[in-house]
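Structures are listed in the sections that come next.
Two complexes are shown next, each including chain A; its partner changes from chain B in the first to chain C in the second.
For the complex of A and B:
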C-alpha cells in the first residue's frame, strides 16, 4: 500500500511537472537563450545593457498595448506600422529646427511640443476609428479591414510626405527641444522608459479598473454573451481601436525623434513585431485573454533576444529563424490552452 | 538513465557556449550595411570584409533597409573594447542619431556610400566619410561621350548622325530630387557646355534607378524621337541596360554591316552611357551594346576604409598616397571610366 501511494505521488508530480513545463515552455526556451547569451558574453549582464534594452523596448511596448487591446477583442491591426509612420512624419514635419536647410514648412514658427503630439494622435485615432467602425458595423474581419487601411494610409501618408516644400525627401533636422524630450534622460533614467512606464500604468487602469476594461474582456471572450448582458459591443470595439490609434500617435511622435528622421517608409512592418510580442506575452488571438504584464513580457523578451544575439555578434539571419520559431511555438501553446478552455 | 541524458545535453550546451565565447585577439570592427538586398552593397560589404579582415575581426550587420533597426544594431553590438564602427546609413539623415550615440560612447565612426549632411559630420571630430563625388561621375560620362564624338565641338564625327553639329540626347534621371541624380545630370550637362558641345535634350525622363522602368520610359520616348536620337545618358547602369533592351526591340544594335558582331561602326548602333560599373554593364560593354560606364570603385573604397580604420586604431602611421584626407575627415575615391576597346 505504501509503495502504491508513493508511486501515485511520483506519477502525479511527474504530470504536474510536465504541465508546468508545457505551460511555460516558451519562457523556458527564452530563458535558455538568455542563459546562452550570458555564458558566451558575461558582459551582457551590465547596467548599460539593461538600460539600453528598456529604452529600445519603450516605443514597441506602447504600440503593443495598442494592438494588444484589439487582439483581446479577437481582432488584429495591420495598419499599425503605417499609422505610426504617418504620426512620425506629421510630428517630424512640424518640429524642425529653424536653421535647418530643407524644412517641410519653411516659415513655421517653433510650436509647443504638445501641438504636434496631439495632432499626430488625432490623425492616427481618426483612421483607427474608421477601422473600428468598419469592423463593428460591417462585421468585416479585422485582418481585411486593417489590410485595406494599411494600404490606404500608405497612400495618404506618401501624399502628405511629398507635399512638403523640399519635395519627397526624408524629414530631419529636428528641434533640439523635441530630440531632448524623447532621447534625453533625467537622473540617468531615459525619458522613453519614463513614458513607457506612464503609458503602462494608464493602460493597466483602463483594462482593469474601468467599465470599458470589463466590456473589453467580455466582448473579446464571447461577443454574443456580452451583447445579451447589455454590453454595447460596437461602441467597445470602436473605443479600443481609437485607444490604439492614440497609442500609435504617441509611438510615431517618439519614433521620429528616436530615429532622427522620418519618411514615408517609417514604421514599415512594426505591426508584425507588436503582434508577435503580444502573442508571446500570452495575449490570445482567440480573444478575451491578455494582461498588461503579458505585453511587457512579450516586448522585453523580443528586445532581449535581438539585443543579446546582436551583442554576441550572431548573424541576423539566424536571429530571424529563432524569432520565427518562437512565434509559432507561442501560438501553438496558445491554441493548446484554448482547446482546454472550451 | 534520464538523468544521464540530461547531464549529457547540459555538457554539450556548455561546450558549445565555451566554443562560441572564444574571441580572437584581433581588434573588433562593426560593419553596418543599409541593405544586403542591394547587389552593389552586398558586393561592397564582401570587399570590406576581405580587405579589413587582415587586421580586424569584422562583424557584419544588415539593417534590411530600416534606420531604426540599424540604430539598434549599432547600440546592441557596441561594447567597451569596440575600436571603430563602419556605417553605411539607411537614410543619410539617420547619421545624426548614430553620431550622437557614438559620441556618448566615444567610439569613432567611418561612414561610407551615403554621405551624412556636413552639419552632422561637424557634430563630432571622430567622424569620417569615404565615398565618391557625384559631380565627378557626371563629368566623366560627358568626357566619355566627347571622346566618342571626336573631341572637337566644331566638327563632330560620324556619330553625329544627322550632321547638324549638335548631339540629340535623351537623359534618364534616377529620381526627382535625389541628390546624386540631380548632381550627375547637371554636372554632365555643364561639362559639355564648358567644352563647347551643344546638347539638344530631346527628353529628360525619370526612371527611379530602375531597369524595368527605364525600359518602359524609353518605349515612350521612341515613339516621338526614334529617328532623331543620337545619345542616351543614364544616371546609372541599371537604367542604361533597360534602355538598351528596349532599343534593341526597336531595331537598334543590329549587325547591318554583316561583320558578325554588334559594334560602333554599324549604322544601327547608338551610344548609351551609364554609371556604377555593374557586372552586367561590363558584360554589355564587352558585347558591344553599352558604350561605357563610370565605375563607382567600391574596392578602392574598401581599401581606404580599412586603412582609415587602422589609422584610427593606431596600428598604422599614415594613409597611402592615393587616400588623402580632405578637410581632415573625407577620403574621396575617384570614379573610373570604363569603355569597350573597339
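For the complex of A and C:
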C-alpha cells in the first residue's frame, strides 16, 4: 500500500477499483460489521474488551495454525475437535486437585505440568500422524480420511473418558497450579495470550525459515513440481499432520483449564471455527498460499465479530447466519481469483 | 570425451497395438543445438517421454556419454544432467524465484534455510546466463518468458549437459525470443547440448546446428542445417504420399448454411477476427498447429467460450449460442477433443452415454425417464454405428477408443443436429475404425448436415474435407479448396502469424 501515491490512486481505472474491492471485499464487510458494533455500543472500544478478545482468540489461534498448515497442502482436518477433546480429557484427568471428591485416578500423585502436556501432545500427534499417513500413502481425500478419524477418535476418547474411577462424569476440580498456569496473568498480560504469541513465533519460523516450511508450500502449490525436484512429498504431508497434532495437544491442554472442566464432548465443532478462520485469513483451499499473519487476522476477525455481536446483545442465532455467510463469501472470493475464464 | 553427449538409437514404442515410434535416432553433440521437428502427433513428445522415463521404450537404447542408461523418472534424469523445459512450465508459482530454483535441495545452516546463500547462488547463476531478475520475485508476477528463463537457470544449476526445450517460443514476443536465443548461445558456449522442439522454421534456421525430422512416428532423417532449406524440411515433415485411406467424398456442398462474421473471443487463449461461410452438406476442415486456436474457435461457436465481438448466422438469421444448452437447441453438436476428459462418462453404461445429451426427450407424462425408450434408441445406435460391444449395459470404459467415439457421435446424432463440430474425431483410434468414422462423417454431410472437422493430421483433412480453414496463432490465415491445395501450402499458412502478431497487438 505504501507504493500507492495519490497520483496512482487517481490514475486507477474503474476495473482496477473493482478488482481492489473484490480482493478485499471480505475485510471491508468485516470492518463494516465492527464499525456497526462500535457505533451501537461505543463501550466496545475498551481495554477490557480488547484483552478478552485476545484471550478468547488464543486457543483458537493455536488450533488454526494446526489445520492451517494442513490446508496449505490442499488438505483439511475434521478430526481437530475430537483430537482437542481427547487432549483436554487426558490433561484434565491427570491434573485434578488431591482433595477433589471424584478423581479420575484417585491415587495419582501431583504430576509436573509438563507430563500431562507432553502426553496430550503425543496422543494427538499419534492420531494425526495416522491421518497424514493415510492421506499421503493411500491418496485418500483428507476430508474422508479425517472424517473417519473424527468418528474413531470419539470412540476412543469416550472409552477413556468412561474408564475413570467415577465413571463417565465431567472431569473437573483441577489442580490450582494447572489453572493458574493457563488462566492466570503476569503483569496484566493473560498467560493464554503469551502462549499464543510464543506458538505464533514458532510456527512462523517453521513455516518460513526451515526446509520443512518451504517444502510445505511447494507441496501445496504444485505437488508435481515438488516431486520432480526431489522433495519427499509423503514425508512433508505426514510431518504437517504431526505438527497439527502437537498443536491440538497444546490446545486441548489449555482448553480444559480455560473452561474448568473436560468431557468427551469437549472440542466438538472446533474444527469448523478453525478452518473458517483460516479461510477468512486467506489460507487458500487451493493450496500453497497462507501466512501466519493471515491465520491471526482470521481468528481475530471472527472473535471480534462474535464477541462484538454478543456485546451489543444480538441473538446468537442471528450471529450464526452472519458467520456462515462470511465463510461462504470468503471462499467464493478466494475461488474467484483462480477461476479461469473461457 | 565422447563425440555425442546423448544418443538415442532405434527407439520403438507402441500403445495398444498402434506404433507411435518406429526406429527413431537422435544424437546430440556437446555445444550444439539439435532441432527435432515434425507435425503434431509425429512422435516428438512420445520420444521425449521415453527419454525421461515417463514411458519405457519397447526397443532401442539411450546413451549418455557413451553409457547405455534408462532414466526412471524426470528427477533421475535431472540428477544426471538431462533436463527438460516444458511448454507447460511445472513450477510453484506461489513462491519466489530462488525458492523454485533450489526446491528440493535448500541450503541449510544451523536448522534454518540459508536464504542469503540461496539468493547469492541465484544471482551468480543468473550472472552466468545473463539473466536480470531479482531472486525474491514471486513467480506468478513474471511473464511466461521470464518463468522459462528461471526454469532454464534451474536446469543449469543441476549442471545440465543436455537441455530439452519444448516449443519454448510458443508464447514469446520477438524480443523475448531474442533473449532466449542469447541464453541458448551462452549454454552452447558452455558445452551444453540443446534439443530444440519447435514448428517455427525461421527460428530453427537461426538457432540450430542439426535438424532431425519425424513423421508419423518414423525417423525421416537428420542433417546439418547448412545442407537444408525450408522447402526441404517441410517436405520431410509432411511427406508426399497419400495412401488410399479415405472413402470417396460423395457429399455435395449447397447454399450457405452458417456464416461466422468477425468472431473474436474475450479471454485467453484468444481467437481474433474469424470470418467464414459453411455451406450445407459441406465438410470444412480446420488446420493449424497446437495452440493456433482451433478448439477455441469451435468453443466460441458452440457457446462455451465468451465472445468479444462478432456474430453467427444460420440461413441468414442471427443466432446467439450463449451456452451449450442454447447451442443444442439451435441444433449444434460438439464432439470434444479430449474424449476421456470431456466426452465419456467412463463408469456409466452405453445407454447412459448415448442418451445423456438428449435425456429430456425420454420423459413420460410424470416427468420420469422411460428406460425402455432409452434402451431402444441405444440398441438402434449400436446397430447403425456398428459399435462393437457385448451389450448396451457395458460401462463405456471397457470399449476401445474407436467404439467410444462412435457412442459419442451417436449421442449427438440423437439430438438431431444440423451442424456438427468435430474436434479431432479420430484421435487415438486405430486405422480401421478411422475409416468407419470418415464414412460416417461423409454420410452425415451427404444427408444435408454441415460438418466442421478440426484435425492435426493433414492427410486426414485433405482426405475427407471440401475446404480447409487454416488457423495461425489465434487468427484465420486463409481458406483453401482441398482439391487445389498442398500440404506444403497449408503448413506455410499455419505459421503465417507466428511471432509477429503478438508484437503487432501490443
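Keep in mind that, in the parts below, the second predicted complex is superposed on the first by the 327 of 342 C-alpha atoms of A that agree within 3 Å, B and C clash if a C-alpha of one lies under 4 Å from a C-alpha of the other, contacts with A are read in each partner's own complex, and residues count from 1 in each chain.
Throughout what follows, a residue touches a chain if its C-beta (ideal position, glycine included) is under 8 Å from a C-beta of that chain, and two chains touch if they have at least 3 such contacts.
In this text, all values refer to a predicted model and were calculated from it rather than measured experimentally.
In this superposed model built on chain A, chain B and chain C occupy separate space and fit side by side.
With both structures placed on the common chain, the touch criterion links A:289 to chain C but leaves chain B unconnected. In the superposition on chain A, A:214 contacts chain C only, with no contact to chain B. Once the two complexes are overlaid on the shared chain, A:43 sits against chain B while remaining clear of chain C.
Contacts of A:312 after superposition on the shared chain: chain B is touched, whereas chain C is not.
Set side by side, chain B and chain C differ in how many residues of chain A they touch, and the one touching more is B. In the superposition on chain A, A:204 contacts neither chain B nor chain C.
In the superposed pair of complexes, A:231 makes contact with chain C only, with no contact to chain B.
Once the two complexes are laid over each other on the shared chain, residue contacts for A:160 go to neither chain B nor chain C. In the superposed model, the angle subtended at the C-alpha centre of chain A by the C-alpha centres of chain B and chain C comes to 130 degrees, rounded to the nearest 10.
Chain B and chain C never share a C-alpha pair closer than 28 Å once the two structures are laid over each other. Those residues of chain B that touch chain A in the shared complex are 13-14, 17, 20-21, 59-62, 64-68, 71-73, 75-77, 79-80, 91-98, 100, 117, 119, 176-177. Put simply, chain C touches chain A in their complex at residues 73-75, 78-79, 90-95, 99-100, 103-106, 108, 111-113, 115, 266-267, 299, 304-306. Those residues of chain A whose C-beta lies close enough to touch chain C in the complex are 205, 209-211, 213-215, 217-218, 221-222, 224-231, 288-289, 340-342. Those residues of chain A lying in contact with chain B across their complex are 36, 39-41, 43, 52, 56, 166-173, 183, 255, 258-261, 263, 265, 268-269, 306-308, 310-313, 315-316.
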